[in-house]
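Both of the next two complexes hold chain A, though its partner changes from chain B to chain C.
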Partner chain A sequence: MTEIERHNYDVVVIGAGGAGLRAAIEAREQGKRTAIICKSLFGKAHTVMAEGGIAAAMGNVNSGDNWQVHFRDTMRGGKFLNNWRMAELHAKEAPERVWELETYGALFDRTKDGRISQRNFGGHEYPRLAHVGDRTGLELIRTLQQKIVSLQQEDYKATGDYEANIKVFQELTITELVKAGDRIAGAFGYWRESGRFVVFETPAVVLATGGIGKSFKVTSNSWEYTGDGHALALRAGAALINMEFIQFHPTGMVWPPSVKGILVTESVRGDGGVLRNSEGKRFMFEYIPDVFKEKYATTEEEGDRWYTDPDNNRRPPELLPRDEVARSINSEVKAGRGTPHGGVFLDVSTRLPAEEIKRRLPSMHHQFKELADVDITAEPMEVGPTCHYVMGGIEVDPDTGQSAVPGLFAAGECSGGMHGSNRLGGNSLSDLLVFGRRAGLGAAGYVDSLTGPRPLVTEAQVSQASKDALAPFEGSGENPYTIHTELQQVMNDLVGIIRTGEEMKLALKKLDELRQRANHIAVEGHRQFNPGWHLAIDLRNMLWISECVARAALERTESRGGHTRDDFPGMDAGWRSTLLVCTTSDEGIDVRRQDQIPLRADLLDLFEKDELGKYFVSEELSAHRAEGTA
Partner chain B sequence: MGYKASFKVWRGDDKDGGLHDFLVEVNEGEVVLDIIHRLQATQAPDLAVRWNCKAGKCGSCSAEINGRPRLLCMTRMSTFTEDETITVTPMRTFPVIKDLVTDVSFNYQKAREIPSFAPPPGVQPGDYRMQQVDVERSQEFRKCIECFLCQNTCHVVRDHEENKQNFAGPRFLMRVAELEMHPLDAEDRVSAAQEAHGLGMCNITKCCTEVCPEHIKITDNALIPLKERVADRKYDPLFAVASLFRRKR
Partner chain C sequence: MTAVAENPTTSASGSRGELPPAPEGSIAVTVKLHRFNPEVDSEPRWESFDIHALPTDRVLNLLHTIKWYVDGTLTFRRSCAHGVCGSDAMRINGVNRLACKVLVKDLLASKGKHTTITIEPIKGLPVNKDLLVNMDPFLDAFKAVKPFLITYGNEPTQERIQSAADRERFDDTTKCILCACCTTSCPVFWTEGTYFGPAAIVNAHRFIFDSRDEGAEERLDILNDVDGVWRCRTTFNCTDACPRGIQVTKAIQEVKRALLFRR
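Our next item is the complex of A and B:
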C-alpha cells in the first residue's frame, strides 16, 4: 500500500459555509493551527444560496427592536421547542456578529442615515434582516472567505507561508471520524480530484456540514447536503435531536421541472408579494392559526395598510412562519385550487413598480427570466413547498458547541436545538455566525485544556476506513444514481410535508430495503474525480439520516412546526417538553425520549402568561411572574 | 416535448482526451447541466463535472458550450434547435483535471495577492456609516459569483500562459476596483493595480463583460475607472512632484 498523506492540526473544521468559516476564523484568531475541509471549491458552499438576510436586532429601522423581542419571535417560530439558551445567545450576539462583518469588508444595503438597512420577514415583529438585495448569502460567504484570505496574508508576512496557520483543503470529503478511546483523534477522507486518501490528526473537529435536503426529491438544497456531519457524529457516538422537524420552504419554483424546488426568497413576501390560488383569492387569510390570531391582519385592507403603517396595523398572513404558509399552500393545491403546474401564484408585480422590484429582488428577477421565461415585474410566479432546512441535528452544549463526544463540536444547520420545531427566515445566517464563532472558541478552549500526548490515529483505523471507502468498487449490484432517486421519492412521498403513521412505517420498510441494496452498490471507472463513487459514499450518510428522520417522525404523535401528522393534527402541550434523541447501537438507530430543560424564569417572564398557556402545560408555568405573590 | 439531442462532450485528463458523442433525451425546460446529469445517470457514471446550486448563484459549473464560456446550469436547451449538435468542453485557460473539471487554483492564488480590506482606523464595529449611493458601485462588483468565466475568456491569459504570473485577470482587477471604491477602505490601491496586478495589460476589449453571467459591467464600471485613476495619478504634475519628493526621503 502506498503511503497515505497525513496532516496535523489543532482544529479541523469540516464544512466551509458560514458556520465553518466563522469557526475557523475564531480558532485561528485563538492561535490554533486550523484546517478547513470542504467538498466543493472554497466559496461555493450552500450558504451562497441564502437570499433574504441575517436576522439581528440592531434596531436600525425600528428602534423598538431588541434582543428580547428577537428571542420571543424565535421561540414562537419554533413553537417553544427551541433550546432556550441557544435562542438567548443567538438573539443577544447576532448584532455584534453582523457589525463584525463590516470590519471584514461586507457592504450591506443602507438606511437613509447610513446604517445597515433591515427588512421585514416572516415571524419577525420588526424589520430585522440585514441584507444585500436578495443575495445576502453570497455576501456572507465572500466576506468570510476574504477574511480568511486576509488572515493568510498576515501569516505570509510573518512566516513567508500563506498556509502556515490556516489552510483550506478544498474538494475533499471526510468519510469517517477517528477516535482514541472516547475522544476525537482525527478524521479520514479522500481528495475528490485524485481519489487519494488523507488522514488528519487533530484533537478537535468542528462539524459545519449543513443539511440533509438531498434525501428529498423536491429541495432547494445543493448536492453537498447529504447529512455528512449528522452521520459522522452519529457514528462517532454523538446524539441527534429534533430530527423529525424538516422545514419545507413555502415558495420554491415549480416550473419547469428541471428547476423544481429552487428557492424563491421570502423577501418577495416581505417586500409585499401576495399569495393567490387559481380562483384569484388571497387564501392565507383562511389559515391563520389560533396561536397567532392577535398578531396578523384579518382583512386584505389591513394587511395592505401594514406596509406603510406598521405601528397601527397588523401584518398580512403571507408573513406567518414558514411552516404555516407551506401547509396552507399544500392544502390549496390538494383542494384543487392550484396553478396549472401544481403550485399557487405569488405576485409582487401589483405591489411595486418594475424598477423597484429589480432593485430589491435582482436575483429573483434574473432567475425567473432566465430559467422560466417569467417576468416577475409584470406577472405572478408559480410557487410551491420545497424541502429547505433541517431543524434537527447534533446535540451540543449551547455555549461551546461541544457534542457528547469530547473534541467533537458542531455549528450551523448540522447542529440541533436552536430553532426548535421551525426556523424563522433570517435566523439561519445569524445562527451560523453566532454559533460558528462559539464552536471555534469552544474547540480552541478544549485544545488548551488537554494535557499529555495527543490522541493518535492507528494504522488499523486507517486501513479499515480505506476499505470501507473503496467498497463500492467491489460491488456487483446497482448504480448509486438509481438508489438515490428511489430514496428521494420515498422521503418525498412518505416522510414529506404531511405525514401519517402508516406511511412512515412503509417508509422505514423501504429504507431498510434500500440499505440492503446500497450494500452492493457498484461503481464504474477509477478513483479520479468519479461522481458515481462520490455519490455512493454520500448515499450511506443519506440512508442513515433518512432513517433517523422517519423513526423520530413516527414516534412524535402530534403536529408541531416542521412535523405535521395527518393522524395527529393537533399540537400537544405534553410533547413540548419532550425531545426525541437518535443514537446508534449494534442494533441500528435508537430513538429515545428526553426531557427538555425548563425555560429559565427570567426568560419565561418575557412572555405573557396567556400566550404561554397555548404551548405549555400549566405546571410548567408555576415559575412565571404572574404566579408570584400578589 | 421530449426529443433526443446530439451531444459532443470532451472527456479525458491532463494527458489526453477528446470529444465523445452521445445521443441523449431532452425534456421541456431543461438546461445543459440537466443533460450532463442524465449522461451520468444513464451512460457515463464517471463523467466529471463541477456543480452546486443549479441556480446560477455559486459559479461552479463553468464550461464552454459550442465554444462560448457559459454556466451549464443557466444555459437552457431551448436556446438550441433540436437538430443542433451541442459541444461541451472544459474552460480552456485552466489545466484540465478530468472531463469538464479544470484546475482553477490560478484564481485562488491571485485572490491572495490582492491586499484585503483595510478597516478605517478608529471606527468601532457598529459605527460604520455609509450612504447607499456610495456603496452601490462596489456592491455591483460583489455580485461576482467567482465562476471565473471572465478569467477564462480574457485574451491576456487565454492563450498566453506566460502572462499569468503578472496579470490578476478581470475578476481580481475588479476586486481591486471594489476595494478602491469602498467608502471606508483605508488603503491606497491605485499604483499597485498597475504595477503589481497588471492592469496595463488589459486593453478593454470587453470580452469579460460579455461572458459575465451576473451581467456585471466589469470593463465599463471597474476596469476603465481604475485605469482613469491610474492615469490621473501618473500624469498629474502635482502628484509627480509629490512622489519625487517622497522617494527622496
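Our next item is the complex of A and C:
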C-alpha cells in the first residue's frame, strides 16, 4: 500500500468539460487548491461537440428578451417538471456568464454594432443563443482551458510553481468516492497510461462527468459518457432524480452506418431548414401539441414569414422543443413515410443560398461532404433521432450544487432537475457555466465551513478499492466489449424513444442477466493502457445507471418530455408534481416518489393561468394572481 | 475470418476470436498497424489484421473492429469521433489525418488490387503504446505562447465591442482543435523537437490578431526566439495536414511579417 500515489487538495473536480472547468476556476479564485481530473486529454471534453450556442437572455438581438421570458421557455420545454429554483438562477445568471466568457477571450459572432450576436433555437421565444458559427462548444472549452493556463502562469509568477493552486490530472479515471462517516474524504482512481492507482484526499468533490449516452446504441455522445458521476454519487449515497427522462435529439445522421447517430445541429432548423417526409410534405404542422398551439405557425407561409418578421408571425413547428420533433420523426418513419435509410429529410438547400449555408453552418457542410458525400447546399440531409442528453441526474441544492452527501457537489449534465423532463437546445452550455460556477463556489464555501481535522482515507478503504478495480483481471467469463454491445442493444430497443411497460420489464430482466455476466468479465493483458480493462470498469457504471433509467421509466405511467409511453400516451397532471428518486440499498436500486416543491408564487404569476391549467391540477393554482379576480 | 498476426510471439488478448459476418457491400482489406507495448516490446513492430470494411467506413471504424473483435488491447485515442475534439490524429498511409475523418473508399487500391492501410502514430512525439503518443511536449509549446487574452485595464462592464471585420481577421486560426496533425507533419519539428511548431504559432496568431488583445508584443518576442517562427521553412506540410482546413503556413508567414514590420 505504501507505493500508492497520494495527493491532497481542498477541492477535487471530476470531469473537465464546461461545468468542471468553470467549477475549478471558481474554486481556485476562492483560494482553494484545486485538482481537475479527466478521463481524456485536457481540452477534448464532450462539450466541444456542442454546436448551436449558449442560451442567455442578453437581449442583444431582440430587446424584448429578459430572464423572465427565458425562465418561462425553460419551464415549458421541461413540461413544468423542472426544479424552478434552478431554472430561475439559470435564466438570471446566464447573461453574466456569457459576458464573463467574452472577457476571458471567447470569440463570438457579432451583431452589426459589434455586440455578441444571438440566434434562434427550438423552444426559445427570441433569438437567444450566443454562438461562434457552429463550433460554440469548442470555443467554450478552449476559452476555459486558456483561462486555466493563464491562472497557472499567474501562480508560477507568484510561487514558482505552475501547479501550485490548480493541477490537471488527465487520462485518469476515478473508480470510487471515499467517505469518512457520512461525508466525503477523498477519491480513488487509476492512471489510464500506467494502470497505477492514485488516492486523492479531499473534503470536497465536484462531479462534472456529463451524461450516460454510451449505454445506447445510437447516440451522439462520445466514449466518456458512461454515467461515471451518476454511478459514483449513487454508490456514495446521493440520490438521482428524473432518470426516466432521456433526450433523443431529433436530428442525428442516419447514413452511412459508420456515422449513425452523429449530431446534426438544431441551428440548421433555427436558420431556416425544414423537415420533410418521403412524400415531400412538411409534416411538423401535423404534430403541434395542444399546449403549444398558440405559439406556432399553422401554415408554411406564416412559418416562413417568421424568419424575417418574428414580431407579427408565429414560429414554424420545426422549432418545437426537441422531444416533440423527435417523436414526430419517429411516427413518420413508422408510418412508412421515411427516407431510404430510415430517417426523414432535413432540407436547407432550397431555403438559403449556398454561400450563406457555408457561412452559417460550416461544420455541417464539411461533416456531410466528408462523411456522407452529401452536399447540403444542393440536396437534403437524411436525419433521425439519436440519444443525446440525460435530463436526470444527481439531486442537488440549486444554490450550492451540494448533493445529499456532505462534501459531494455536482454540476452540468450529471446533475438533475434544471431541465425537468426535456432540455431546450442552448440551455446546456449556459447550465454548465451557471451551475459550474455555483458548484465551485459551493465547494469552496463548504471547505471554509469545516472545523477540526479533515476526514481521512483509511488503508482498508484503499485496499478494498484496489481489489475492486482489479477484479476484471480475475474473471474467467466474457470479454467486456460483448456485454457492452448487448447493453446498448437492450437500452436502444427496450428503453428507447418509445417505451412500454412490458418491454421495460423485459429490459430489467436482461439488465439483471447482463450484470451477472459482467461480474465474471475476463480481461487479458496488463494494466498499462489496457482499453479492455477500462471498459470493464466503465461498464459497471453503465449497468447501474441503465437500471435506474429502466426502473424509473417503468414507474412513471404517463408520457412527458423525454419519456414516452406507448401504453400511457398522455401527459397526466397528477404526475407533474411527482419526481422519481433513485437510491441504493442492500437490495439494489430503490425508486421512490417525491413531491415536487411547489412553484414560488411570484414565479407562478409569470404565466397566464390558462396556460398553467394545461399542466397543473387546479388546487395547485390557488395561489395564482388571477385567482382573486377569476 | 480470423486475424493473422505477423509476429505471433504475443497472442492477441481480450479477443472474441471471430469477427462479425461481413456486411453486404464490404471489401476485404488489410490493416497494417504499428504496435508497441513497452511492457513486452523492446522495439516497435508491425502487425496486420485482415478484416472486412465498407467503403463508407472511416479508419476509426476499422480500429474499433480490431479492438472490439480481435485484440482488446489495441490502444489509441478517440473521443468525439467526428473531427471536433482532435484526439485521433495518426499517420494513415504516410500522411497525418484524423482517423474519424478518413473514409475507406478514399484509400482503396486501384484496379481491384488488394488494399493495405498502414497506420502509425504521429511522428516526433514519444510513443507510449501502439498509436498513442505523449502529447506533453506539444501542449507545453502551446502554453509557452501565452494562449489567452491579455488586456491591461479598461475592463468592460459587460462585453467588449468587436466589429464583424475585426472578428473575421483571425477567424481561421480559432478553428484549431490542438490535434497536432500540423506540428507532427513538420520536418523541422521532427529533427528539432525544441521548435515551437505550427500549432503553437497558430494559437499565438489567434491572439496577436485579435483586436481585443494587448499582448501581441509579448507573444512576438517569444516567437522571435531561436526556436520560434524563423525555424519555419514553408514546406506547407502543416497546411496540407490540417483537418480543419486552416491556412497554417499563411498564419506563420503573417506572424513573421508582423515581426519584420513591428518597428
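One rule holds in what follows: the second predicted complex is superposed on the first by the 626 of 630 C-alpha atoms of A that agree within 3 Å, B and C clash if a C-alpha of one lies under 4 Å from a C-alpha of the other, contacts with A are read in each partner's own complex, and residues count from 1 in each chain.
Methods note: a contact is a pair of C-beta atoms (placed from the backbone, for glycine too) under 8 Å apart; a residue touches a chain by one contact, two chains touch by 3 or more.
In this text, all values refer to a predicted model and were calculated from it rather than measured experimentally.
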Quick one: chain B and chain C on chain A, clash or fit?
-> clash
Applying the touch criterion given at the start, work out whether A:T400 contacts chain B, chain C, both or neither, answering first, second, both or neither.
-> neither
Touched partner set for A:N313, first chain B, second chain C, both or neither = neither
When the two structures are overlaid on chain A, which partner does A:S331 contact: first (chain B), second (chain C), both, or neither?
-> neither
Answer with first, second, both or neither: which of chain B and chain C does A:Q464 touch in the superposed model?
-> neither
Would you mind listing the overlap between the chain B footprint and the chain C footprint on chain A?
-> 40-44, 46, 48-49, 99, 102-105, 107-110, 113-115, 132, 135, 137-139, 142, 146-147, 149-150, 152-153, 193, 222-224, 256-259, 262, 363, 366-367, 370-372, 479-482, 485, 523-526, 528-532
Parts of chain A lying in touch with chain B, wherever the complex brings them together = 40-44, 46, 48-49, 58, 95-96, 99-100, 102-105, 107-110, 113-115, 117, 132-133, 135, 137-139, 142, 146-147, 149-150, 152-153, 156, 162, 193, 222-224, 255-259, 262-263, 362-363, 366-367, 370-372, 479-482, 485, 523-526, 528-533
Interfacial residue positions of chain B with respect to chain A in the complex | 13, 27-31, 34, 40-41, 45-60, 74, 76, 97-99, 101, 104, 108, 111-112, 115-117, 119, 125-126, 128-132, 135, 138-139, 142-146, 179, 182, 185, 215
Chain A residues touching chain C in their complex are 40-46, 48-49, 99, 102-105, 107-110, 112-116, 132, 135, 137-139, 142, 146-147, 149-150, 152-153, 193, 222-224, 256-259, 262, 363, 366-367, 370-372, 479-482, 485, 523-526, 528-532
In the complex, go through chain C and note every residue touching chain A.
-> 13-16, 23, 37-39, 54, 56-58, 61, 67-69, 72-75, 77-87, 101, 103, 128-130, 132, 135, 139, 143, 146-149, 155-156, 158-164, 167, 171, 174-175, 177-178, 207, 210, 212-213, 245
